[in-house]
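You will see two complexes here that share chain A, one where it goes with chain B and one where it goes with chain C.
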Partner chain A sequence: MKPARFDYMAPSTLSEALGLLESVPGAKVIAGGQSLGPMLNLRLVQPQLIVDISRIPEMSAVEDDGDCTVYGACVTHAAIEDGRAADGTGGVLARVASGIAYRAVRTRGTIGGSLAHADPAADWLSALTALGAEITAADGKQERRIPIEALMTGVFETAIGSAELLTGVRVPKLSANARFGYYKICRKTGEFAEAIGVALQDPERGRYRGVVGATEGSPIVLDDLPSLKAGTEADPGELRERLKGHGMDDPYEIQLHAVALERAIQEALA
Partner chain B sequence: MQKQGIGKSVPRKEDDRYLRGKGQFVGDIRLDGMVEAAFVRSPLAHARIKAIDIPERLRGQVYTMDDLEGVKPIVASSALPGYKPSRQWPLARGKVRQVGELIAVCIAPTRAQAEDIAAEIEVDLEELPAVVDMLKGRQPDAPLLHEEFGDNLYLVSSVAGDIAPAAKRADVTVTREIRTARQCMAPMEGRGVVAEWHERLGQLTLWTSTQMPHIVRNGLCDVLGLEQRQVRVVPPDVGGGFGYKGILLPEEICLGWLAMHLGKPVRWLEDRREHLTANANCREHHYVITGYATRDGKLLGVEAEASVDSGAYSIYPFSACLEAGQVATNLPAVYDFESYRADAYAVATNKPPILPYRGVARTGVCFAIELLVDALAREIGMEPHEFRQRNLVRPEQMPFENIAKKYLDSGDYPTCLEKAVKSLDIETWRKRQKEGLPDGRRIGIGVAMYCEQAAHGTSVYAAWGVPMIPGFEQAGVRITPDGGVELRVGSHSHGQSHETTFAQIVNEMLGVPVDRVNLVHGDTEYTPYSTGTWGSRVMVMAGGAIAAACEELIPRILVIGAHLLQVPVGKVRFEDGAVVADGSRVTLSEVAHVWYLAPQNLPDNADDRGLETTKGYKLKRDTGTFSYATHAVAVAVDCQTGMLEVLDYVIVEDGGTLVNPMVVDGQILGGLAQGIGTAIYEEMPFDGQGQPLASTFSDYIVPGPTEVPDARIEHMETPSPLSRFGIKGVGEGGAIAPPAAIVNAVNDALAPLGAEITESPVTPRRLLSAIAAAQDGAGS
Partner chain C sequence: MKTINLTVNGQPVCAEVEPRTHLADFLREQLRLTGTHIGCEHGICGACTVDINGEMSRSCITFAVQCDGADITTIEGFDDDPLMARLREAFTSEHALQCGYCTPGMIIAARDLIRRKGALEPQQIRYEMSGNLCRCTGYAGITAAIGQVMAERDALPLPPAHEACIGPAPGPGAKRTAQNTSNAAADDAGKPDDDSPSTSLSPGAAFETFSEDGLTTLTEHVIVPHDADRVWAFLGDLETVAACLPGARLIQQDGDLIAGEMRVKLGPMTPRFAGEGMIRRDDENRSARIVGHAKDTGSASRARGRIVYALQDTGEGTRIDIEIGYALTGALAQFSRGAIAKDLVGRLTRAFAENLQGAISGNGPAAGGSADGGSDALDAGGLLGAVIWGQIKSIFAAIFGRRN
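Up next is the complex of A and B:
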């Protein structure tokens, strides 16, 4: 399959990019192209215009903003994996980045592109939900912040408007004694996850969050998990009940996701 | 000179260009004025075509079957009694019978533009109920794919026998329902065709990524109504085949017709979506199989009813009978038992046609019989390899005609099994199994054996009566004026290293260094007829033919050499690439120089046929060589997630005399990778309407480097008494046993839980469901 015909623009400023999105309805944004490329080839999307934001300098910037590190949307997974981007999480982001797909994908794929694509099985969505990140977005008129829990409105759907651009992500720094666990069940190295479990224990900030990802929608957030608070093993029965409470009904899905979270908790507490 | 002949692991001549990205595949061919083709394909699995609406402005760029004047349907028949061949129009006529079936072909300067045109063609289809499951397809009320059949059966093939004596004597009877998933073969390079009509030669040239160029020419001539001299088929570098490229494609016919009628070259390159969702599949088998044994471990009999989901059409040349027909005769495999009966149904379904994939039916057959053998062993309470050991054909019985009339030519199956058991060290694994792994995973140990009929020839295929019957395999050998060799062979390589291994045969016979041998292969214009590269046949057949051709040249070389040495011809011999007499020698290069460039120095009795010949070769008996192997594996099973890890994998195989052991190891490892795909990952699911559900590699999972273990390979070398040098065909074997060995290991791990897997691939969902079902069963 080859893409249907489209126009391609690579503006060098954010305002130009936003102007294009405003003026051409249905225009698609490309950053690393690791998801959009195949979708174009399969003709699942046939935009009139593709706006390449990878040449806008601030889109690749990484800034320290006190409590947060702010990543431009075009920071690549590889830059995070390699430690070329500042990391206020004590290596958590680098660890997650290193497990995304294959190195070739990580070299081009971007943190903002992954979030904007909103594939439930993607790593950043689950990992950054556990960390309590905030998305920054802009259109021609204003900038706003969206809590990551509110980003995804459905599979491959987000709260980002059609003339709006996901510009970056603000990741809160972790306390020195925070503990983190991440467990991904993949049928094959580099493949999208069948289930993701993330556990964060950050007593200084009072955060005891479990996240279950690679579901059929947004990641499931389980706050104030007793096991993370008490530093004890998770109660398998309780986790399964909570997943059912979030609408999961296939015993296989419940099993896989519960185990992923159990193992993430184990890792965090180990 | 360093020996480079038979038995030497000579580095592959092909690798230099492949590893540097300098191979030349169909996709690398660009001709002046070439246009690209894209196809309108059926969105439905079964439908009547009511109308095809082509906008007026696209006339001349879109062709349907009605435009392909004079083109006949593809018909692959068989002489087997009761066989019903389908008529497959290259572009659909009347009905479509699978999603992805070709309806129209669109041409444009680029593929993207051709796809734009294809998207504009509206096809009015009246949907018909689809046959998606082979078992439902066998039922009397099933919708019919080919109305003229009266049912959905291409063929029912049987090995008739009386099972009653075994049933009567048996202490233990075990029945299992076993399934293997439908797969895609997924070669790295898909199919691809460039077609061009040469006005000057009055000839159609088709560059195509195929395993059987001469057979494609036969088929093209039949369907397009051309004479053989008018068609030239050229396979360039071919990036993997595995059976997928052993078929005459409707696309090849369309492109041939277009090139002739447009007067310009046309190209079509299959994309991965076409490969996964539209073109031929493989492997889908279903078995109900029963084994009878005594309490002390004697296998008495086997009874099976098998179905093969053969898809929408009978493919050319293998037909829809080959896969199912091989099931019944291959089930007994390496075992010696007294009662057997089997029926195999080749069922037409609204899915892509099924093609023989590496190992042909044997991967499914091995899965069925080897799972049954383990189930019997568990039932008896015997270590599975010990149960096998009691029932194998013994070396002193060789050659052995087994209960399905297969003539096992040679081998020592018990030793092969024993070596594998020792090499894996099953005893130590059994101890570790009791302790389990520190992380809670369960250990399982599995063994599987097979034997593989290869290079079977005229009598076997004449009995099938398919449109392709291999006869003498020929090879042309020409010594060049500078003492090099040009080799002409009609079979083609799709990764088998023919350029290297054929040169090794030349080296063995004529002493010419491997680097000084050039192989011209596949091109119908320059090579002798061959049915092609399939059935693990080429090293045996072409190897034999090359040796015979070289041998025929030696007396001619001796006559010239003796004259140059000024000794009687009776006093010379051929040795290490030279004519040698006591104390003096003249090299092959010198002999060639005289024949071509200094003929004034030839003796009067020089043979006027010169330094080239084409010679044919057949086995002493054409029922095939039987290579065989034992695969033994230890796996870790995570009963929480359903994930598997291969902890150790051992293959002990006997391919007779090995021409290039390194190449054989490569074949085995490649086969293993595919076998692991069959065992754990690969499955093309369909929904109830016959829609394929895995349209990209993110849904159709093939194993990658980290999923394939570092297997340890040990060789035995029992020469075949039937073939030149004792070579046996080994190309497919690696892919046969892994699903059986791995699932036996999984079942070994699950046995204490009372759970058992009888379906491949072992996905996490299947594994967890089996455990859950066992728990439910135990709780109720």
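Up next is the complex of A and C:
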């Protein structure tokens, strides 16, 4: 249970970090290390170099950018849970953050690290998909924005290049009347979710989005859900049909995920 | 080695550490602070919980080198803390421990909970404490002890708020020194323990020596527009068939015995499974059964698997029914939640079927395989390959996810 040898650098600027990623193929980025740490201990990952980005000031910055709040990649779940990081969603982010793993993980685990790790059962991936967030990424030449729906290309795989760094996430603010529901099914509190349901009703922005997460890939987005539009209970048959339409075929998985979404919708409309 | 400067239980510490030394080992082995316990060593059990800059954290998945400039408090550092003193009394009176192994982490987590929250119901206390495992008490005594102290919260001196970081502590503001003090570690870094596959065939291996117990199975079928004789002959050439499987390589074949390896890239993980198997072909019924097992030395994970396929002439082509069974143990299994594994093997099977179709038709395997049987390991967007490989295929299977 001890990691294989690696070298470690903790640059204090973004350009230094990007230079290291460019020059050392196979270098891995660490932020809080709450996913990478176990993988290193289990020797599932044996990188030559680990680049710690937590010493780069802009990585733990939170900025108000009008319609969006911009979180640096290294903002911890606990900082969001505690309200130490500004929240333009009226507490939605804090609510999601408070349910991630355990407090001792949330104090070091980061929003950017969770997204870059691309575990389908992770909370931020599903929750931020419902909110319509955008990822910011940079390499040595340019910065770009990636819609969160396009981030995950497979389990543990993202659209972020090997010499590119996920620098932050832009989270659209919600209108005052927006309503939100979140429900996850776990065998044990804090464990990886078996199913995640997210519901967002934001009439001012015309957003009536359901998200089904903890699938075997990217979260499934169900836009314009009639129940969220009408403010009525979801039609169980319709939800299941739509999940089937997205390629779910195992009756158990369909049931689990449909129930998670139904409960999220109930919570949003309650 | 790197030099780090940090504060541990109020005392300044300067030490040389290897980057791979986690904080719990550093505290226990270098500073001899053995009150911090190590349980699971991958962030599940909470026994190693310590405070880093006033926030409780897991020292087994935090590296010492990350703590350059940090302020650490271990269980030994709470002797004079009034809230901890009160918790110790309550843990004693409520019988909140038996063997005591979890207690250092448990009581640090309890103190942190009372620092942050008050007036919780017992059920909420259990929820909040769920990151710390106890094998003795059933949590009843622990919940009662925390409830007892929480009820007095308003009258207790709570720990002063630490200057909280928004990122993982100690963050950009911390003074730090972490410098290479020698290049020895760097020179050795990235050289994993020798895990080159020493795959060779065991003398005297028999079909029965490959366990087929407890496999998860999946089925898939494919129809190829060729007659069954041609397909059956094609499937007899294992080297070509292996080429349908990206990352796979046939190392040796001796009659029914086969040895091979398979590499997969999945996110940061790149397991390489090497192993052996046996194939038994039934010419009369045009069906075959392959069994095998393999090992990824790097992660000390093992896999077993079975593939059964049967051909059926449909008049317009040949239908190949494939059944795959797999089981995975070891570190990789920790990351293989059921749905992910099942989905992956399903995709593998489909991808293999597709490649096979292409190869039989003379187009070569579709997804990155090459004719020499030594196709490249899969990379990020690529299809995970297929599977005819005795052992291997199934293997990594378990782990990972899907690909589009």
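Quick notes
Just so it is clear, the second predicted complex is superposed on the first by the 270 of 270 C-alpha atoms of A that agree within 3 Å, B and C clash if a C-alpha of one lies under 4 Å from a C-alpha of the other, contacts with A are read in each partner's own complex, and residues count from 1 in each chain.
What we mean here is this: a contact is a pair of C-beta atoms (placed from the backbone, for glycine too) under 8 Å apart; a residue touches a chain by one contact, two chains touch by 3 or more.
Predicted model only: the values in this text are computed from it and were never measured.
Legend: residue contacts after superposition of the two complexes on their common chain; A:Pro251 is shown touching chain B, with no touch to chain C. Residue contacts after overlaying the shared chain place A:Thr136 against neither chain B nor chain C. Applying the stated contact rule after C-alpha superposition, one finds that A:Arg187 touches chain B and leaves chain C untouched. Of the two partners chain B and chain C, more residues of chain A are touched by C.
With both structures placed on the common chain, the touch criterion links A:Val259 to chain B but leaves chain C unconnected. Applying the stated contact rule after C-alpha superposition, one finds that A:Pro3 touches each of chain B and chain C.
In the superposed model, A:Pro57 lies in contact with chain C only, and not with chain B. Of the two partner chains placed around the shared chain by superposition, chain C is the only one that A:His117 touches, whereas chain B remains out of contact.
Common to the chain B and chain C contact sets on chain A are residues 1-5, 38, 42-43, 188-190, 192, 194. Chain contact summary for the complex, chain A toward chain C: residues 1-8, 10, 12, 26, 28, 30-34, 36-50, 52, 54-57, 59-62, 72, 74-76, 78-79, 82, 84-85, 101-105, 107-110, 117-118, 120-121, 153-157, 188-190, 192, 194, 215-217, 250, 253. Per the touch definition, chain A reaches chain B in the complex via residues 1-5, 38, 42-43, 185, 187-192, 194, 251-252, 255-256, 259-260. Of all the residues in chain B, the ones that touch chain A in their complex are 110-112, 115-116, 119, 271, 273, 640-643, 681, 695-696, 698, 701, 703-704, 706-707, 763-765, 768-769, 772.
Across the interface of their complex, chain A is touched by residues 2, 18-20, 22, 25, 41-43, 46, 49, 52, 55-58, 60-63, 65-66, 68, 109, 112-113, 116, 127-128, 130-132, 164-169, 171-172, 174, 176, 178, 185-186, 188-193, 266-269, 271, 298-300, 331-332, 334-335, 337, 339-340, 342-344, 380-381, 400-404 of chain C.
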